[in-house]
Structures are given as structure tokens and as C-alpha cells.
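Each of the next two complexes has chain A plus one other chain: chain B in the first, chain C in the second.
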Partner chain A sequence: MVNSSITRREFIGATAAAGAGLMLAPGAKVFGQTKSANGKLNVALIGFGAEGRVLMESLLVIPGIQVVAIVDIWPYARTYGQRYLKAMGHEVKAYENYQDLLAGEKDLQAVVVATPDFWHAPITNACLKAGLHVYCEKMMSNTIEGARSMVQTMRQTGKLLQIGHQRRSNPRYIFALNHVIHGGKLCGRLTAVNGQWNRAVSEDLGWPKHSEMTPAQLAKYGYKDMHQFRNWRWYKGMGGGPLSDLGAHQIDVFNWWLGRPAESVMAGGGLDYYKPPQFAKRDWYDNAMVIYEYPMPLGVVRAFYQVQTTTSAGGGYYEYFMGDDGALKMSEDPRITALYREARAPSWDEWVRKNYIRAAAAPPAPADAEKVDVRETAQLAKYDMNVSFNEYIHQPHLENFFNAIRGQAKLTCPGDEAFRSEYVIHKANEAIPAQKRIAITSQEVEA
Partner chain B sequence: MKNVFVLAVLFAVATASAEDMVPLKTKLPPPLFVGTPVPINVPNLEPPQHGKRPDFMVPKGTVNLALNKKVTSSDSEPIVGTLDLITDGDKDGDEGSWVELGPGKQWVQIDLGKEADIYAVIVWHYHSQARVYRDVVVQISDDPKFEKGVTTIFNNDYANELGLGAGKDLAYIETYQGKLMDAKGAKGRYVRLYSKGNTTNKLNHYIEVEVWGKPAS
Partner chain C sequence: MNDIHIFNLYAMATHFEARIAGEEKTYAAQTAQAAFALADDLESRLSRFRANSDIARIARLMPGEQARVSEPAFACLETAKKMEMATRGAFSVCASALQSQAAPPQWTLLKEQFSVRCDSGKLEMDLGAIGKGFALDRMAEALREWSCPAFLLVAGGSSVLAGDAPAGTAGWSCGLGDDQSPVHYWLKNCSLSGSGLAVKGRHIFDPRTGKPARRENRAWALTDTAAESDALSTACMVLDEAEISEVIAVEKTWLVFLEDNGTARHLGRRALPARA
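Right, the complex of A and B next:
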């Protein structure tokens, strides 16, 4: 929900005007061809794991959408999904794999793909070629080649491919970009960006012993054993580790808000904590610190990103855009979000009067105020944005996808736009073992 | 002189009572966090707990009376999992450790076998994701139908959605530490726990429920 003068319609307009890289749906050509017999968009969810279940919550509350099938290779998840949807009032078919889905469903318009990353490209390509529109979770693929093939298939088929960087459809993010960063230029000239997502130590995922898949079932889909199946994110050839699992969302915001991909990356990181015998053997780094450089018209912006899986310290997960007039600490969590004004900045009263921002309550004066070091810059004045959002965080992104299918919106994160972001994320993973600055040309980020 | 004597007696009683009280010691599961965090916006939400829960004192000899006891429910056919998971001693947040009940108002009920003095109930609904369960009500009674002799020890159903009466307890975010509810020595054989969905979906989940007490004297 959006406050007072800022309406949902304005956000849809803002989304449509968000600039380069947005892709128009093929309008009437798509609309009509893709309408189901029941007048709704018939959708299948491929992958009923943790991601898929979160997406399902949104699918169930979006008008005009009929979930008709779920797909999962794990019988436990398949049965669970079918029973779950029945409890929610939906009778759906359940399939083991996408080939069976495509063979069995003849009135399907779109699929939502939420499988492990290494299955994204084969499933997306097959579904696009079968005439379906595809919403695929990020990362597009565990390889650059896989991601590129998805964009090429999108272009060849003319079908829509939305990638699940859901912040691109989040009304709070769109408001912040259009009104705080661009419209009001409240941060002035952006000079630095700092993002992070830190999580405390976590055990490997388990599974109900009575619901194990057989070695043959696992091998059929590329898994060595149940542990690898449940913890695929940690293994090369399957996922991209924490930089791609967590960092992808935020590094995508770096590129989106700065209006271009990075031109270089250097990084440090390693697999330093999760080691046998305390933990099962893993492949991917458990910590990473990355620096990107963005050449902007007024000078280079450097963006630091860190992901830690051994500590939740550092104030949660956010993307912090810093300029000479102010700074915006942006997060999907409104409690973490804050806007700060430098003392030198022009007055923000106009933006307060326009109801875009409001002054935050002043923090209590420190008890030992007399000890404040006078060499420090004065504390920044804090403001809040006058925008709120109380839906499921993936809902607007899925709605954007479905509205694009209907010819009523542009995709906010089409495959080719997502590719530019994901390319530089893959490059960060390469930069860690390379131990050197890697240049990224404007040509190579194009699929 | 008389006042001094009364004070001395009160001090002696208080000292004896304090010596008979010990911290409740439950074994906590490992923290687990999966997926994208969901911003939580619910009314009457207590601030997130930082660090370990403060010690909760119970009479010496207090044990978890619910372990391996029979559980019944308003939903006799859970969507996933089985009711015995609620009292099996496994508090892990992972797949296979929780039971999922249908949408809307649901309850589970633990039969302790005989009447007990109950000092605390600890509930783990679901802790692999930060979420809030709505309209949590916990009651104790000797009546398996909960029609008479009901003691409510926790109620955060501030809008009386369940029809059991409005409560003033705060909503809370699930964590691996579970939620400890002070039962204040209430007597009863049955413990019933209600909820009505959560901030992620309309369903109801239980990983484990512990009922800390002593058989009634």
C-alpha cells in the first residue's frame, strides 16, 4: 500500500518509464493467444522447495491467475504441494519433471521456475520453445553460457522471460529511485555504494529420513546424494554460492540504480569456516568482499559488497547509496531503510511539503554528549520515505509478469536486462581465485 | 516486636521458596534460516528478542510432561507431517520436523495423562523463517472438550478472531528459542494451543510443544 499522494497507478507508470532495458510485451500478439479457456492465466510452478513455496503464496492472491500444476522431482515435495494447494481450495496436477508437465498440460500459458540454479536454463529454454512465458528465479543459471542461452531463446521465441530480481517491481524501490535518487536528487552526486547480506552460522539442511529419494532417482537429476540435493547451493556445477544466492539481488540493485553494469571487479573471499569434520564438504566460498567500479558522468562510483555466512552482524541486509548531499540506506525491510541529509545539502523542505519524505524522530541525546569528538562530522539528519508496502515481497514482480503477458505492462526485469547484472556477479566469483582486478567491457555484458 | 517476628517468618518462607526454585533448562535446537526474509508488519508486536531468553524459574523437579504424550487436533489430516511430531522431542526447524495444519483457526491438544501443576509452556511453531503466528491462545483444563474449568495462560488474539475472548499478550516473532509462556502453576490434564495462520501463509505449524510441570500433588 502506498501513502497519500503516491498511488499504485503512479508506480505502474513509474515502472513503465523506468528507462532503458525494459521490454515491451508483444502486445495484442501475445494477449489473446495466451488466454486460457477459463479466461484466466493458467500457471504451473516448477520446483516446490523453499523458493517455490514463497512464490506460491503470492500466486494464490493475484487475481486472474489459476495454478493448475506443480512440478518437483522429490515425491515428498510433490505430495506436500498437492495437499497444500488442496487445503487452499485448488485441485492441481503434480508432475515429476518439466517434460511430463509439457506433455500433460495443454492449456497452460506460463510457468514459474524455482528449481536449483543448474536446472534453470534447460527448463526455461524448453518452456519458452513450447510457447510458454517464463518467470524464472535468479540466478538465471549457474553458468554465463546457460544464462545467455535463455536470453537467446527468449528472443527467438518472442515469449516473455522475467527474472526473479523482485526488488525491481517493489513500489518502495521504484519510489526511492524515481523520487529520491533521480527526481529530487536528494543524495546529490552519488560517490559510493555499500551493500551487504550477513547471516549467522547455519547447519546444513536435512530431510525426513522416511522420504529419501533412491540413488537412481537422485542420479537421474544430477545429484550425488540427498545431502547434495538439499544443499545444492554450496556446490559448483549447481549454484553459485552466497554471492549468487544473496548478493545477486543486491548487486542487481547496484546496476539498476546506477543505470549500467560495473566496468571492473576485484574480490576476496574463501571457504574458511564450513569445513569437515564439523561440516560436510562444500565447494563455494562462505564469505566474500567485492569492489565494483562504475564510471559515471561525474566520476567513478565504487560499490562495496560483502556477504558473510558466519555472522549476522552489520545491521541486516541493505543497499546503501551515498552521495555528497545525502545517503539512502535501502532494504526490503522497511525497518532498516533510512534516508540521511548532509548538513551541506540544499533544503529538503520542498520534498517534505510534497509528502515524499518526512523528518524522522530525533534520537535521544547521548548521555556522554560532552565526550563527543569535535573532529567528527555532525550527525546526519534522518528522514523516512513516505511510502509503504504490505504485500508479499514477490507479489508485485509476479504481477508485473502477468500484466506483461496481458499486454498491459513492460517487464521490469526481462532476461537481457537481468543478464547484465548476473554477468558481473559471475565475474565476482571469478575474481576471488584470480586475485586480480577483472575488467568488464560493455560488449561482454550483452547476451 | 510482633512485626519483627512476622517479617522474620516471611523472610524464612521467601528464602525457602527461592531455594526450591531453579532455572528451567530446555535444550534448544540449532538456529536455522532459509530463504528471503519477509518484512513483518503486524500490530501489537513485541520487540525482537536479542540474545538468550532470561532464566525462567520453576520449582525444583519440574520436567517436560508433554514428551511423547498423545496429541489430537482440529485437523485430523495434516497437510504434511504427523501430530506425534509435536511431542517427539525434536525441535529442529527442518523439513520433516514439523506438522502443517490446514488454513484458518486450528488447535492442537496434548493429553498429559493425568492432572499436573503446570509452570510453563514452550512452543516452537516454525523457526526456519522469521514469521508471526496469528491469534495464539494457550489454555489448560481438566476437561478434554475445554468447555469448563479452562485457564488461559496466553492470548494475543487482540481482536477476538477466535471467539475465545480478546487477549492482551503481544504477538511475537518465531525463533529457535521457542516462546515461553508462564503458566503460573495452573492445574490441568490437557493443554490446548490455538492459532489462525501466520504472516507467511494461512496455515498453522508446530515443531514442538513442551509443558513444564509436576504431577499434581
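Right, the complex of A and C next:
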């Protein structure tokens, strides 16, 4: 449910407009056989780790969706998942791997993939080829080649591939893009973007003593030990480190909102903090600062992104779009979101009257034109966007996926669109050791 | 003397602390981290300040509407409902709603659908007086799951949940009241929560009247679970002594302490823990 001040028609219009620049893959079809025998979409969740559990909460509240199976190589996670779902009134089958799922489930329409990154491409490709629609978490893959193969399989099979950049379906983000950035042009000419997601230090992820997998089980799925299995995000060949774990979401917003991928990247960073003997050896950078350049019609926009390991008091996670008339600090967390109007900007009263924004803290109007009180510099006028939604954070993106399967929507983040962001994120990780500006052509970002 | 490892987290506007005994330090730290991750997750579901939490979603329901919620949110609200009935309305997650609504909002839990239905009013729930305790209960489950049964969990200094005693001890020494309290008990496998006005002022409202709590002095509740002790100690701030006696008479696992001239009198059938 969207905030009542914006009509449902306006919201649907906004969603369609946002999706207008995104196309279904050539050859993609919405097949008639999009329902199970019971009229619902039968779905399996592959990967019941932390992200999988978050997605499951949304799956359970979306009408017309039947979760029929979960998949995880870790018996502990499978048992937990079945027990949790049973408590919620759902009896589901549990499989060790996707091959067993595909062999065992004959009335499945879609899978949601939330495994470690290096398994995304093999699983997604196999499921698409098996005739299933796939929602796959970001990153698409730990390699550019893996991500490219997913897009190619999507095109070959004609099945839908949605990538889990959930902000693309978030009504607040869609509203901000359509009405603040584009419609009202409230920020004026965009000149800079600043995004961040900094975190406090944390321990390596452990596991309950009795839950350890055998070396043979681990090796079967590419892990050398339990530590690597639990902390795969930090290892090359498995994940992409914090820049891809956290940055991927936000760098994708840079590309989405600016309407194109970056044309260059330079970056600094390193594995500075998580070192032996206090921590087990890791591969990926725990600190990174990245600068992308976007050539825009009115001039270049530089976008800075940082993900640091030091403190949770760094101001939260957001994407800050700055222009000569205003600045929008956008975040999944509405408490962090803020919109500021420059004193030089044209009046925003029209947009307040339309109920798109509301004044949060306006500077006091002068009481007497012949007098002035001299004090501290006044704050910029601050506004809020008048939109919210009454769902879990990941729910609209999953709903968009399922609606697309039913032929009722276009995907907001199909594989080929997501690949453009995927590519420039991989390039940021390359730019750190390269210690130089890397140019990105418009051809190479296409899958 | 046992090695006791202490870990901290700030969540739910509260400082959480996990003390783990009888375990190697790195494993204890990873265990505490898993428990803290649960607390973070619960905050995302139970906080009224998180726009997409279950509690925020419930607050937007109109009368007659219902919303499916997560398992933890449903379980917490089930306990809240039970405590509301057990305390005869002296505890309610909608206690503060009377500050903005003429009548207390009404709601129903629909077990089959794992949903909450708004029956009347606006469901402005504040789980402040039970959510932290509920989080401690769930964190304790995680610690036991990780084979760390000897623990003490603390939420904001006002609720503790004790697991097994550290080896060779009678329990965890927990005091009633300020630091250096003269009254300490050995606690194990139980929870103690305190309520009062000294720290946050008159922040407790009587859900039955909307008026501030009558009790001036502190009250503590000792129960098996932290969600219950958290809710019961809050209810004791608005109940008079006779009402408290009636409420706890039906539950033999409940014990209440009332601050009285610098000491704490106890009420209830549960046996007093050993003095530390």
C-alpha cells in the first residue's frame, strides 16, 4: 500500500515510467503456463542463509505464492528452515542442492536464488534451462563472465531473470526518481553523487559446534573449510567483498538514476583491518573509496562511493544526489532520507501543493522588510517526500518479478540491465590494485 | 573462578550485553555475534520507528483490515496478549495510544493466517516494555543452540535473563536497584526485570486510564522468561499492591518485589532465589 496522498493511479504510472527505460530481454516471453495446478505460483528458495531468510519473509506475505521447497547445502540451515516454516504453517520439502530440486519438483514455476555469489551463475543457468523463471540476488556472479552467461541464458530460454537490486522496485525510490529528480527537477543540474555504507568491526561468522559439515561435504561445493563456507563474502573466487556486497545496491542506483553506466572508475582501498592474528586471513578489501565519472548532457557528474570498516556511527547508508538547486539524500531507511532546497532555487510550493513533498523545516520568513537580525547562517530549507509503502523492503521487487511472470508487469531489473551495474562494480574492484583510472566503454557494459 | 567473556551491542535504543561463561573466547564472541544478529533482526521487525517493520505496518491498518506478520512478531504479540489478559489490562502494548486516541485500540491475533487484525482505532503499538525481554528470550535460544548454556543476558540494565550458572557457582549475582545494591540474588534459568521512574521519569502510562503510573517506587518481576518479566514489572507500576497479589496468585512461576523504604518486599508463590 502506498501513502494515500499519492493516488494508486499515479503510483502505477510512476512505476511504468520507471520501467519504461528497461526492456525485457529480446525474445523474452510471458508463457501461458505461469501457474501451478493450484493456481498459485510454486516457488523454491535456493539458499537459506541470512539473505534467504529475509526474502522468505516477503515470499510468505505475497498473495498467490506457494513456497514449496527450500534448498541449502548446510543441513543445519535446512533443518532450521523447515522448522521455521512449519511454525508458520508451511510444510515444505528441503533439498541439499539445486540438482536434487530440479529432479524432485515437477510443478515449479520459479526459483529465488540467495546462495553465495559464485554459485549464482551455475544455478541460475540450470534453472532457466529447466524452464523456470529466476529471481537471483545480487551480485549476479563473482565474475563478469558468469554474469554475462546468465544474460545469455536468459535470452536463449526466454525465461525471466530478475536481479535482486530491490531499490529498483521500491515505491519511494521510483517516486523520487520520477517526481523529484526528473518531473520536478528539484535538484536542478546534478553535479555530484555521494554514496556510502560503513560498518563497525565484527567477528568472523562462526557456526554452532554440532553443525559442522564434513570436509567431503564442503569440498563438494567448493569450500576448503567451515570458516570459508561461513565467510565466503571475503574470499576471491566466491564473492566480491564489501564493495559488491553493500556497494552493488547503491552503485546500481547511481547508474539507474543517472540513466547510464559510468564511463570511468578510479579507486583506493585495501585489506587494512581484518588481518591475522586477530582475524583469519581474508582476500577482499575491507576499506574502499571509489570515484565514477558519468558524462551527462549538462556536464560530468562524479559519483563517490565508500564502504569502510571502522564505525557504525558514519551516518548510515544512503545515496546523496546533489545539484545546483537542491540535494536529495536517499536511503532505504526513511529516517535518513532528506531533501534540501538551495536558496537560489525556484519555489517548490507547487510541489508542496501537489502533495509530492512537504516542508520539514523551513527558514523563518523575515518579519519586516526594513530590518534584519544577524545571527548564524540559516539552515537550508528541508523537505520530506510524501510517499511510503506498507510492505517489507524486498517485497515490491519480488512482487514485480511475480507480476512479470503473470504478464502483468515488466521487470524493473532484468539481467541485461543489471549487468551494466555488475560490470562497473567489478571494475571498481579491479581499479584498487591497478591504482589508475580505468575507462569503461559503452560497448563493454553490454552483456 | 570461571572466565566470563562480555560482549556488547546497541540496538532497540538499548545497550545489550551478553556474558558467556565456560567457553573459549573466540567461539564465545562468535556466539554472541549470532545472538546480537538476532536482536538486530528483531528490531527491524518490532520497532515502531522502522517504516517497514511489522509494528509499523500494523499501525497503518484501518479497522477491519489485517496484516500478516513475521513469526517473531506474531510470537511477541501472542505473549503481549497473554500478559495483557493476565494483568487484567495493566499491561498493554497500546498503552501510549490513549495519549492520542479516545479509546484503547482493539486487535485480534489470527493464528491460522499469522495475522493481526485491527478491530478498532489505530494500532499504535509500542513494544518497549516487552520487546527487549522478548529479544533476550530469543537470544537465549540462540546461545543454547550454540552450546553456550552458561550465560547472562542484559538489556539496558532493566532486564536480565540468566542461563545456567557458571561452573562452580550458585548462579549469576543480580541486584535489585542501583549499582552496589545491598540485595543480590543468585539467578539461573530465570529472568528479572525492573521498572521505575528514576531514569526515564513518568514514561509509564496506565493502559486502562491513560494516566501516568501511580507507583512512585520501583517494582521488579522474577519469571521464567524475559518477555514476561519485562511486561509484568511494567504492569506492577500501575497496579496497587492488592491487585498485584491477585494477578500473580494465579501464576506460581511469578515473583514480584516492591521497593519499600530502601528495601524490597516480595509477593508471590515462587520460591525466593538464594541470596548472593
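Things worth noting here:
The rule we apply is simple: the second predicted complex is superposed on the first by the 409 of 447 C-alpha atoms of A that agree within 3 Å, B and C clash if a C-alpha of one lies under 4 Å from a C-alpha of the other, contacts with A are read in each partner's own complex, and residues count from 1 in each chain.
We adopt the following convention: a contact is a pair of C-beta atoms (placed from the backbone, for glycine too) under 8 Å apart; a residue touches a chain by one contact, two chains touch by 3 or more.
Since the structure is predicted, the reported quantities are computational estimates derived from the model, not experimental observations.
On the superposed chain A, the positions of chain B and chain C overlap enough to count as a clash. Contacts of A:P334 after superposition: both chain B and chain C are touched.
Using the contact criterion defined above for the overlaid structures, shared-chain residue A:K209 touches chain B and also reaches chain C. Once chain A of one complex is fitted onto chain A of the other, the partner contacts of A:I393 extend to both chain B and chain C.
Residue contacts after overlaying the shared chain place A:V61 against chain C, while chain B stays out of touching range. After overlaying the two complexes on the shared chain, residue contacts for A:Y317 are found with chain B alone; chain C is out of touch.
With both structures placed on the common chain, the touch criterion links A:K436 to neither chain B nor chain C.
Using the contact criterion defined above for the overlaid structures, shared-chain residue A:Y84 touches chain B and also reaches chain C. Overlap of the chain B and chain C interfaces on chain A: residues 50, 57, 84, 87-88, 202-203, 205-210, 333-335, 390, 392-393. Against chain B, the residues of chain A that register as touching in their complex are 50-51, 54, 57, 76, 79-80, 83-84, 87-88, 199-203, 205-211, 230, 249, 317, 332-335, 390, 392-393.
Here chain A touches chain C in the complex through residues 1, 50, 57, 60-61, 84, 87-89, 202-210, 333-335, 388-393, going by the rule given at the top. Listed in rising order, the residues of chain B touching chain A in the complex are 30-39, 41, 79-80, 92, 94-96, 100, 102-103, 128, 200-203. Only residues 26-27, 29-31, 33-34, 37, 49-52, 56-57, 60, 67-68, 70-71, 112, 114, 145-147 of chain C touch chain A when the two sit together in their complex.
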